[in-house]
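Going by the order they are written in, the chains are A, B, C and D; count residues from 1 in each one.
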């Protein structure tokens, strides 16, 4: 597979996060970039990937890009469709979902995510949409993958509101609290980060067009780097072709940025 | 017993100022037609309950119907912000609203508890989050068993005064078949005191009884039945129509300002008598483009014994 | 991924001495064929879990497979006593068994909690009864809200090692459609560690995916699929066959003595290799008389989008 | 309607308990005598009666006598069929069932019922089938009707095990405990009994072939009688004809005794 040299930041994030998925995984998919990443994985190295949506569709097989997570295209030809109470109870809470994809307005060094509010809760600067299923996805899956643009505003030392718990007081503390799994990777437009034994974020690879300095500058705390920090593998030409021609031909999610 | 009536009568009989109200559907099967009718009847101080407020509550908030919103994800699904909701929360425009916030499972669990008349139900959420600090109803109880966590979050029962839900087909007693994504519709219908079910088609009772496992909403919990083809437009109805995505994208523009919404409401809600007139105002091709191809489920044999 | 295998392999792979075991179905869809296979493989000290032990557990108890029974109603449905169960409890014949007793809702709630990985769930039962005195697992927690009772009964999660359930049709991955009365089958399948699903017919995946709302048991929870026509005989399978009531009445006679049961097991269980041979021993007219008339449910249109 | 003079004790119990049902009721039906009573009511004065079974069938319309409460005949042509968890949770526990029919091995003066065990729980004289859904039916319906043969053994001063709560410590106590409704009538082969303000059983009517003395003799405590205790109305010839010719033509439940 030849490496592409013509790709956008979003396309890199899609291709890189797709690599986090394995064919035997069951993944809780969000609409937009996570949906593209999952579909890309399914069409490449993870053909048996099972996509579950928080609307209660299990092993969806969408014939086109869903417009929302309640899109009928996710129900037609699905393996099963259940009420939300069961999707959250019998799948997520029961530990049957391997991977969750999350975004968020703010992410801190422990992988705690805020998608609720910027500023004071009772007198907000920006009122964000809120958790949706994110709190449950972060609490109950075995691995979460976080996708986000990289900036100081989005990577503050402390989030304004913990919507989705990461390694709250460290890895051990998370397990003691009865929370499963935890953040596995954070994929941004500058780097790929993981979490160390203590549950602290560190940079694993830096993207080809970015740099160690650019990554640190876009982060609100003194970020750790792996001893052997490498360069992120760019998307292949095949991956880019799939995204552009089949998965998002109208450029709904990949055209803009 | 027939419970069949029209939208105007159902809404005026069921809803009153200050009522707590749930409008059903998880981006699928949203009761837009009845939502618009509630706006037309100019109720005030409603407590609006929905996992995903969506455009239907954005409109009700901008129209000044809302006093409080209980929710778990307030966005324009697949598009972006829910601007009227944000204006009300951030700037108190057109008036201040109270909010009560959960994650999806928390809100769904509250309705489940209401449906089963339990004071509360436990769930493994909210640990390590800031929800309990801001949502007083999220509490904990001790686990009286040795197995598992020492304590667990609980949420209390939620029983809306009124639930307005949609289904694809139902009989005149309100026994309804729904398929595709049901979200938290069924829990809400069982939890609410008064239930309006709005259907794409009224069918005879024999059709319902031919597949009783599909009757997720029984007439037992229904007070009013309203037949409204395309009653979920611009949202979806599995097997009937797709989402009118242009309407969702348009709303992102319309809702940039309170004045923009008011002009829109004047034309599309206050300016029409009912949902039929609203549909007639739409371009025909807009509806035609939403039709899926027919795709029947393999039937099951119930057996005649 | 195919999980299709035969009854002998499924049972020998899934079950071991001392395992906790749930055999599904609320008088409908009872997995008799696999129950008999478990007896043939002579397991011991099993913890048998079922709301209604029915004939299938009566046979397993008499065969000496059971060390404990967790249940909520132990009778011969519509006929009378469950005699082997009673002999074991009253007279320790063929050996003593431990019992753990609930009401139906208590037992179903335990499986629901297991299915959702909750440590416990509340229910409004057991107030004013003698259950809590004899069943230690029935406890109470305080209601942390002002609304409702001060305290409420709870039951702990129950996760059987193995669940054996039946459905009318399933694909080779174990995605199964079931209709008619499902009892607590689905909760148990989600609660158990290892699941065998036995179906009347194996169908292709497209049939299952044509009606995903009917897929109550997804392959996600299934480990082994066994195709067994008439696998619930002498109990019912909606749309496939009626109960063989003569067999239930006969059992009332057969089970009068432990010796009577042993003779019956020798002929109908140990004396045959598999369920096919058991069926071949039955008179043909006995099966023919159980056929219901065909009676299809009105199908739904899922739409191709 | 002419009164029948040719009827069995069981037929009288069926006809008399059918009279307790109203057309607008939703009733939780057990197999056997309660099933016959409900079907008789539906064919006579209560055509809209909704029969719900603890197996999760709602508004069943059985074309023949069900052999058990899991009989497919209760699902075919039903209004709805739900998992047991929902039948017990959303119908019974939620208070959507008006009337429950119960039997039992022992009934005491407060209407507490034992269907669990005779003698000591851990070393029983007779191990009975147990609660099934009886505990929930007695706790959650708005009225329960108890049907039982009348004997000192079956009507002891105190039951050996409370499976299904009656007026536990009196009517007020029952409500305080959070229990709905309570026993409304006890129909035996000798009399019809109800419960007074305090929740104590009293005789309302004595059956034509019985007597005050016979009723007292068959009861393990000093039974109260209404001031105006009357005679139970016998079944009509129409009712008996319906039971014998249509509802139980083979005499499965009515033939024996």
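Just so we're on the same page, a contact is a pair of C-beta atoms (placed from the backbone, for glycine too) under 8 Å apart; a residue touches a chain by one contact, two chains touch by 3 or more.
Predicted model, so just to flag it, every value in this text is computed and none were measured.
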item: A-C or A-B, whichever has more C-beta pairs in contact; value: A-B
item: Rounded Å distance between chain A and chain D, as computed from the means of their C-alpha atoms; value: 58
item: Separation of mean Cα positions, chain C and chain A [Å, integer]; value: 40
item: Distance between chain centroids, defined by C-alpha means - chain C, chain D (Å); value: 28
item: Multi-partner residues of chain C (each touching 2 or more other chains); value: 117-118, 123-124, 148-149, 152, 179-180, 182, 213, 238-239, 242, 292, 295, 302-305
item: Residues of chain A engaged with two or more neighbouring chains; value: 57, 71-72, 75-76, 81, 89, 93
item: Touching pairs - complete list by chain label; value: A-B, A-C, B-C, B-D, C-D
item: Contact footprint of chain B on chain D as seen in their complex; value: 26, 48, 50, 57-59, 61, 63-64, 71-73, 75-81, 89-91, 93-96
item: Contact set on chain B toward chain D in their complex; value: 1, 115-118, 175, 190, 208-209, 212-213, 215-216, 218-221, 302-305
item: For the chain C and chain B complex, residues of the former touching the latter; value: 117-124, 137, 139-145, 147-149, 152, 154, 156-157, 168, 177, 179-180, 182, 207, 210-211, 213-214, 238-240, 242, 292-305
item: Sites on chain B touched by chain A in the complex; value: 25-28, 51-52, 71-75, 77-78, 81-82, 85-86, 89-90, 101-106, 108-109, 112, 123-131, 134, 148-149, 152, 179-184, 186-187, 235-239, 242-243, 245, 248, 292, 295
item: Chain C contact footprint on chain D (complex, rising order); value: 31-32, 54-57, 66-72, 74-76, 81, 83-85, 88-89, 92-93, 112, 116, 121-122, 124-127, 129-136, 139-140, 161-165, 168, 174, 177-179
